[in-house]
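First the structure, in the form of structure tokens, and then the observations on it.
For clarity, chains are labelled A, B, C and D in written order, and residue numbers in each chain start from 1.
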Amino acid sequence: MRFFSDNAAPACPEVIAALSAANTQDTAYDGDALSQALDARFSELFGTHVAVLWVPTGTAANCLALASLCPPYGGVVCHREAHIQMDEAGAPEFYTHGAKLLLADGPGAKLTPESIAEVIDPIKDGVHWVQPHAISITNATEYGLAYSPDEVAAIGKLARDRKLGLHMDGARFANALVHLGCKPAELTWRAGVDALSFGFVKNGGMGAEALVYFRSDQIEAARIRRKRAGHLQSKGRYLAAQLLAMLDNDVWLRNAAAANAGAAALGAAAADRLVYPVEANEVFVRLSQDEAVSLRDQGFDFYDWGVGEARFVVAWDQDASAVRPLADALTALSVPA
Amino acid sequence: MRFFSDNAAPACPEVIAALSAANTQDTAYDGDALSQALDARFSELFGTHVAVLWVPTGTAANCLALASLCPPYGGVVCHREAHIQMDEAGAPEFYTHGAKLLLADGPGAKLTPESIAEVIDPIKDGVHWVQPHAISITNATEYGLAYSPDEVAAIGKLARDRKLGLHMDGARFANALVHLGCKPAELTWRAGVDALSFGFVKNGGMGAEALVYFRSDQIEAARIRRKRAGHLQSKGRYLAAQLLAMLDNDVWLRNAAAANAGAAALGAAAADRLVYPVEANEVFVRLSQDEAVSLRDQGFDFYDWGVGEARFVVAWDQDASAVRPLADALTALSVPA
Amino acid sequence: MRFFSDNAAPACPEVIAALSAANTQDTAYDGDALSQALDARFSELFGTHVAVLWVPTGTAANCLALASLCPPYGGVVCHREAHIQMDEAGAPEFYTHGAKLLLADGPGAKLTPESIAEVIDPIKDGVHWVQPHAISITNATEYGLAYSPDEVAAIGKLARDRKLGLHMDGARFANALVHLGCKPAELTWRAGVDALSFGFVKNGGMGAEALVYFRSDQIEAARIRRKRAGHLQSKGRYLAAQLLAMLDNDVWLRNAAAANAGAAALGAAAADRLVYPVEANEVFVRLSQDEAVSLRDQGFDFYDWGVGEARFVVAWDQDASAVRPLADALTALSVPA
Amino acid sequence: MRFFSDNAAPACPEVIAALSAANTQDTAYDGDALSQALDARFSELFGTHVAVLWVPTGTAANCLALASLCPPYGGVVCHREAHIQMDEAGAPEFYTHGAKLLLADGPGAKLTPESIAEVIDPIKDGVHWVQPHAISITNATEYGLAYSPDEVAAIGKLARDRKLGLHMDGARFANALVHLGCKPAELTWRAGVDALSFGFVKNGGMGAEALVYFRSDQIEAARIRRKRAGHLQSKGRYLAAQLLAMLDNDVWLRNAAAANAGAAALGAAAADRLVYPVEANEVFVRLSQDEAVSLRDQGFDFYDWGVGEARFVVAWDQDASAVRPLADALTALSVPA
């Protein structure tokens, strides 16, 4: 049973249905009715005017956002274990034309105003040193922790004070939101976020993410950069259809809630060996090598995550019955033989 | 009725079916069974070992190929009206990190060894002048003309003699092939092509193109560049599924034949006003402003293409009955009232 | 005798003297007294506040200016035979991160509002097409022609109307100015120029050019880009010293006048075979192959410039006596044997 | 008295004399006799065939070298406090088109095979993670420590085993060499170095460094990149003249020995407060805030270097008498009042 990654899950049925429904002729690129509907639909969701670009991957969303917020000669503060630093093959450097990621520390891949200040305060003013232009945070973090609205707002305040842009990598935005029980607005623009990579693929989408701009001054260049990166799909309506289908009837929240519930069940079963509290759909547990072997022998797939730790990810389609065997196996590990 | 662009057409039913069929869990990125099957399936098609990357757009395919064939400080010879020069928003410069497109001339956006030599022969050797590293041709061209295997081979010979890479933008490769009635091999690697952007989207696909490498030395870096550009979709199996579905039962050839037939019917109806012979699925006709207005008043959508000329594109789903009204209208234009 | 290039000439004695005079310790980079004096000195010369960066080459000056005026996804209109297009090895693309040069035509490598409009008017609005952001003109041009203040102002008006930046490559700015007999202000900021590559090296300098910004919003990023390109020399005072030495006592004007006079003498001697009027220090003449051989046999070095034409450049140090032999030889060519 | 930086020192008299001597006409760029003499002269020095490019700054030398050794999508291992990471404004990212610096640790800004392996061993194979392509070490390091030939060779072996290029930033190569008393060959190519930034400016030059390639496969592209970066000075002979003048009669060794001797004298005076042993021309001492104020009150200029530490740099022109006052002042600090 797979607990490798939420990327391994299929697309949810609403997405498949939407693709079929969208399968008529329409204007190419993003001139079609579905693409044109995105701004209004997301603006309604966020309670403010936003501009939205569909893109196929979180990497594209993240890096287009960073290119909007940081010039080629600038720096972006992010966590040392942020996806943009660790897992995107240098895409941020490609899209920004060489901006530098300035690495901050903190448990659970979570930044604070203090940890950010530790990175940027020592940077002397002057042309010899890469100056920070933006901050990027991931919510939920790479360790499945959610920034609360207040935590984001504290970073948003720092960003505003230092004249830095603020990007949120929301590959698991839905999971964070569901955990927090707050409104999308509270977690984003009200807290100072300028651009959000709003993830859908891990949450039941097929190949569409939403790059959401809360600042109108950046959207025009972002549209150009999307084209220039080869991301303006000629039949973009199929991406728009996915996003709209997942917003309709709160499918995105339903899916995230399901994944979170599965993770919570695992977390409960492994309460004594959790590395971090379970707040989204990822569970990090301490696991000896023997225990890891035992679980794999029982047919559970997962990643080792550093020495003596493992990561289990629950996807939108893994309900209680799918998670139960692993939960039982984790419980059994903790019982002395 | 739409004759704007083959991008406006829907995806063909086989593609939609394939997406549903692929909608199970599998390994992320391109580790899934479908993605892993591509090399073998395309190798069979081309009669030689090839490596294939799925990408969502022709621009991504073209520019990844150019980045493989040309260093940042080099030049790529292409036609002055090539898509990579005219319609990709500087994507080649982005992907190659600033290589220069060296523009050649020729009717119908078609290059010859002579027109290429006219561009590169005057370039002096030395560090002051951008040196050519590659040639890019479009087959069928932006004016719907097909390069024959011999024509490609002549350019391929020049490329080899001058130690230049050869890229083929095959956004309408199927249409050219069907017109020529030749084998994929003849039109590509046997004629000296190093990399092919093998188009599927205009031909009935949804959002997947195949970037085909005939040289094994470039594939590793190309895979990295695909990731770095944000084009490695986490659920890549849905792109692979599209490509395989269109190769199965020669759907790609069927679709191209249908579009070509429609264009041929239009060409026959407008024989006395053709700017170029109709060889693929595009028809360029001389049209006065009044005639253009008249056609649009009758409900036909198309692009003006320069002064006094118009472009009509027939898509895979426009059969004889869909094309007939426009053919009749074009015929009627030519009849003195 | 050399008529290859003004780059072959030595540095003028004032420059050598200034280097010796500057040879004491001082603050590194551009914190020294000489570098700090540049803004004021050039502001006085131009009659307005300017910011000045020393750089070692015209290519560096040009490309830093272009990077200031054009984003990576934009275009710069220049003449098809402009130095930035022809002779800088793709440096503009490197510095701008891939902006596209949009090539205009016109005799003598000279642009007009009309020839510029011919390039930019057909560019449709939209993300598929590289949009123009700047214009670059060369004064004197690559064929030794001077734009008058009115001619520059006409282009400046177009630039302002279209919201384009205006850069002047002034590798031979002094030669143009001396020919025109106008003020530096008239030929630059009063005519709408935003940034000037003010050439000194061809005019008797050793290794220092001045990049002059007439707009204060661009200087900060330009300083950073200079450093980032490795052009912030740690002992920058030696570059500042050169510039100041050549402004002192109008050495720059004296040198340019000398070179222009030599070229004028050659032009007079070859009046019946001039390709362009001689306005600066370059002379382009029609020359048969036999005539070219004959001149070279007599010891004159020069470049062929296209078929049947040749370029002779006179440097600051070539006075009447140095030029006389070539003038005589040119005269003799025209006399029937 | 200045102990800020060796960049504040003047050029040595031999350099000034050489500039005057070179002040005749010659072929432009690097076609002149002096530039053409460099390969042979440096090949003699290194006892093997090398290719040498003059450039004006260490940043240009370093970053051209890195661009030779690392593709845009690759990584370069360097020390967390390396000049290329800390003080070059992102120039490595600019020149390499976005390669990532992979930061290693170690006292005194010195790398070891072990500290390098700690960085690269955890990098998984695959397209998601930036793969290392090169290592860059600084000799003498940013803390004035010299890598011995054996230490370099150990890193060179690792580089070879892992198929990584090896670059040495030798801004203070002369100082390291003089300290070690070894041959240039031992410290470079014999130890596995592929490219060396051979510093002259800090050591008495004016504005010329030597970028030395020990591998012939990289020189052609490096020459193009130099031009493309605007670093091919049209009167390059003045840079070549500086380099040759400093090699003649071992001026470079004499200058470095003088600076090292001065630093040694300071080190002896501050032996009980040294942060690192004094091996080149930099002295790092523990200094309370009061002590720093006291020294500055006495007229000594220097940089604070972290909390409670200060850096003193001795230049080639600061002989025993110039250094004595500071040595005395440092000694006096240590004496209980």
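The definition used in the following text is that contacts are C-beta pairs under 8 Å (C-beta built on N, C-alpha and C of every residue); 3 or more make two chains touch, one makes a residue touch a chain.
Listed by chain with UniProt protein names: A, B, C, D = Beta-eliminating lyase-related protein.
Keep in mind it's a predicted model, so treat the numbers as computed, not measured.
Enquirer: Return the chains common to the contact lists of chain A and chain C.
Expert: Both chain A and chain C are touched by B, D, going by the contact rule given at the top.
Enquirer: Looking at CA centres, what chain is most distant from chain A?
Expert: In terms of C-alpha centroids, the chain at the greatest distance from chain A is C.
Enquirer: I'd like to verify one number: the distance from the centre of chain B to the centre of chain D, where each centre is the average of its C-alpha atoms, in whole angstrom.
Expert: Distance between chain centres, rounded to whole Å: 50 Å.
Enquirer: Would you mind pulling out the distance in Å between where the CA atoms of chain A average out and where those of chain D do?
Expert: One centre to the other, that is 42 Å.
Enquirer: Suppose each chain is reduced to the average of its Cα coordinates; what separation in Å results between chain A and chain B?
Expert: 34
Enquirer: What parts of chain C, by residue number, touch at least two of the other chains?
Expert: Residues 72-73, 88-90, 94, 97, 127-128, 224, 227-228, 232 of chain C each touch two or more of the other chains.
Enquirer: Using the touch definition from the top, list the residues of chain A that touch chain D in their complex.
Expert: Where chain A meets chain D, its residues are 72-73, 75, 86-90, 93-94, 96-100, 127-130.
Enquirer: Which residues of chain C touch chain D once you look at their complex with the stated criterion?
Expert: Spelled out, the residues of chain C in touch with chain D are 2, 4-5, 7-11, 16, 19-20, 23-29, 55-61, 63, 88-91, 94-95, 201-202, 206-207, 224, 227-235, 238-239, 315, 317.
Enquirer: State the interface residues of chain B toward chain D in the complex, per the touch definition above.
Expert: Residues of chain B touching chain D: 71-73, 97, 127-128, 131, 221, 223-228, 232.
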